[in-house]
């Protein structure tokens, strides 16, 4: 065992100070492949963890929760079918003659007789025109009904979990724009809550991610927080235009369309809010890549002026609309 | 492609500084229609988002959760009826003679026979005096029982979600008042928790919203936080009178009944708390418009002095009571 | 309409400054009745809100959630009995002869026949030896099975809500003590988590509540936060002794047994933590009144020294033990 | 009653100041037994609370929630079996002749007949080939079906609770390492989320725990927070290497392998995050003891370079890999 001692000649590491100032969202500096985006427009990350252990991979609850509804019902139906097949084979092994009420001679007829008895047992319908006779079949059917009750308990839980899961339906404008803002310019996008559930206490973080060339010539991914004119609101009943004013301290100051393309610039948007039906937190992510930024535009109003009632109306479909406007 | 570069002649934008100081609750500055309120007294927003996509509009879980109980049961009953009709028509298509136990001749009789068999299958009662015979009907009834089990799983989840949903029952005084407070005056309202569930860690935000005329003659809606003498309490077993002291720094300083009416003044109240049965967060909103403010009054005590027991009693119904009192 | 204007002669209200410094937990200053405590030892408040509206009072979900288990099952059983009685009376009204399988002549016999048929329908057992015949009875029984399925959905939800409700099992020492602490004295109590579920991120607030006589001779209840040597810990696997060091700035400095009795002193303890099974927040409240404070003592160790294994053992039952010790 | 008065000669307690600076995670200073660890590698605490009251010990919901799946199903099956035995004995007491449909003569035959009838009643299958006759047996079976419905409600709740429980699947590197870091050295470990559910808003606290010898020769356990180069990230799609830079202010500065062994050094890791399926909080704990620290190494890259697709791939199994590297 060599005797190590934790001392260094360096007293005040300048590199450490720099490193601590560096912002990292969790993607690290090495994602320098400039052909893909970090966050997809559906909010998922453009990264995959491979070689995970079997049990971690098979996170049934998670998988069945995030599945689309048609697939979910298909999976439930398939499991129902397979479990019934399994039990009907067991009943046939013991002997279908112990299922009083089945007058079947052919094997297929016997199978389907056992299959439907199994289905009636699993769902606890139990009509009784077919009924178990004898110890073995009675025992098996009493186990099957237990399996059924527990299985549908799981299905119920899953259905409820899927239904009550907090998924915000936030619509982001298709493009972010560089627009004149007050007496300077601003980088802007807007968003609206499409769901009938109100969102409250909405907070938005926007980060800029781009590749930079270090002193040693290496390409490294850097992240910068973008200061927003207003980054949180209490209520979110209408649309909300988020503005990053381009002042001299902005990391975008002096940028051009070419420099943004060259540095693979991506704007990462992270929204946190509370939905008001169950007061659960909801998160949404979005990203704008340099190709999705429009230079010199302003967003068109979304108010629906056609009606003259007291209530304020906002037209959700106008969220993407903008018109050209010369920058300051 | 025109080469844009993000630079401006303006070095320090005064307008930006001003804009950043402006408070916005999320309603924006353009709601200058002075004939309606921003927040209704039931806490909903006086705004509507139209033209939402079909799937966002049809947020079944949300809709069935916020429906009133009678309507909810009506919807469940209707769905039950319709699904039974659907399946009984299918049974009739295959042939009611495969439902052993139905001695029906007329079409209506056959329909009702199939209907009640369907109901017994869907709810998994399955008496069995009517029972499926043959592959087609057996298969259909085994599918129906699966539909029933899953459907009632959804219904169960909805019922539980409705029941356990955190809805505070906070009663606000019908009027806010301008009352003498210490050696100055205060704007006050009071509230009490009507529910048997205790609320703890209660925080209250009050904002003032009013129309102001800008330098360019345009009307713009402005928001001001109102500083409260005390904006949070740990426990909320009794009533709580919230006081905004009218000092020289208050946005209300110098206001008159006429100026408040002219500027369409509205006080927006936002309450956040924790309910103690499940320690879930609860939110409540309320608003007082200028017509609901009483000038020169004080709230009457709510203690129930009739009893001489050790326990403190507060009479919830007295929450609205006040008596005239000259302002300082 | 008299024209009010919100101005006062007072420019800087000294009274306001004082009032803003006053601490209030939510009980207010008027609870000057010195014969009762503010917080009972089971954590409930010693206050009652009367005259609440019927629907707020009848908060069924809350009531059935906080009921003791025996009472809860009794309520469920009674509802089951009453609903069955109701439906069996309806069946009798239509005519028991439509319930094929019942060979009953006496009214009582008919009633019980209908009653058990109803029970089999409500729970969806549906043996079928008694089965509905005819439109009216079939319709009624199909409604009853719907009622049953929904009713047991509610019961399931309630049972789950009761089970999963976050209730900490924190055991507080029966007495708080004044003990020598370092080179001064301290007010101390200790607590331990009795549940097998670990608590983490535990925060404790202690406030002193006492009656004080104002300049005008009125008695007023005042609240003081007590500074703790340590008010939060990350983990809580062992017992935790909370210490308020009695320095010159403590509101207890100079207090005597007589002054504490005279001022009806009560120590209010508020514990917030996270339980680790479901990572839900849990709250606990406790209070020590002046009679429950021991002067000159120290808590006895709780480690179980009898065993010499590697694992640390703490004897929960020793939480209340202390031994006399002279104060500094 | 001796008159105590809370005053001390000590005006400014230096000991108090020191004590307030001391960090305590909740384990206290007395755990000086240097043969065991504080936190086990599965995250549990190496401590046990004994002598808890019966009801606190018997926290059924907690126990059935944290049980492994095979044991959970075994427990459910056993309860099912025992409850059926209990009811079948009651049916036999009343008389099996009241269960129409059982043609049994031997006692064992009668028992199994009653047993399977009970199972059909409890799960509400209710085939009906065996059916209750007479008041006593009908009443008992209607009670049993109620018990069944409520019992399976509890089971459903438990199954859902187990499924939806937030358990992070974070894989920690088997060893922590002392590695060269910038121009100094660092203590490092790394971790990755193995679950398909994304974790966001991840915060990590690392504390150092070691035994120190006080001035009076007593051994006392001390805790130090370790400053991390970066202690939180917004997103966690890839692996994350946590670094404590060993500067002159680090409690590790000057430490050697021998001093770490002698002082029973343990690094306590506490991870808090939000899982994104249900936006629930998740916690993970881990600990590295001095034997698990490697001196002079660096972690090997985890990127899977074999593929050239746009998506970033990280190989989870490489989390433990490191290679030797001389310290600065």
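For reference, chains read A, B, C and D in written order, and residue numbers begin at 1 within each chain.
The rule is short, and it goes like this: a residue touches a chain if its C-beta (ideal position, glycine included) is under 8 Å from a C-beta of that chain, and two chains touch if they have at least 3 such contacts.
It should be emphasised that the depicted structure is a prediction, and the values quoted were computed from it without experimental measurement.
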More contacts between chains, A-D or B-D: A-D
Chain whose Cα centroid lies at the greatest distance from that of chain B: D
Same or different residue numbers at the chain B/chain C copy interface, by half rule: different
Averaged-CA centre spacing for the pair chain D and chain B, given as whole angstrom: 37
Centre-to-centre distance between chain D and chain A (centres being mean Cα positions), rounded to whole Å: 26
Shared interface positions of chain D, touching two or more other chains: 120, 124-128, 130, 156, 160
Contact set on chain C toward chain D in their complex: 73, 76-77, 80, 84, 112, 115-116, 119-120, 123-129, 152, 155-156, 159-160, 163-164, 169, 178, 182-185, 192-198, 200, 202, 229-230, 233-238, 240, 245-248, 250, 252-258, 274, 276-279, 295-296, 303-304, 310-318, 327-328
List of chain B residues in touch with chain D within their complex: 124, 126-128
List of chain D residues in touch with chain C within their complex: 1-11, 13, 15-16, 19-20, 24-28, 30-31, 33, 35-36, 44-53, 56-57, 59, 61-63, 65-66, 100, 120-121, 124-128, 130-133, 135, 138-139, 141-142, 145-146, 148-150, 153-154, 156-158, 160-161, 165-166, 205, 270, 280-283
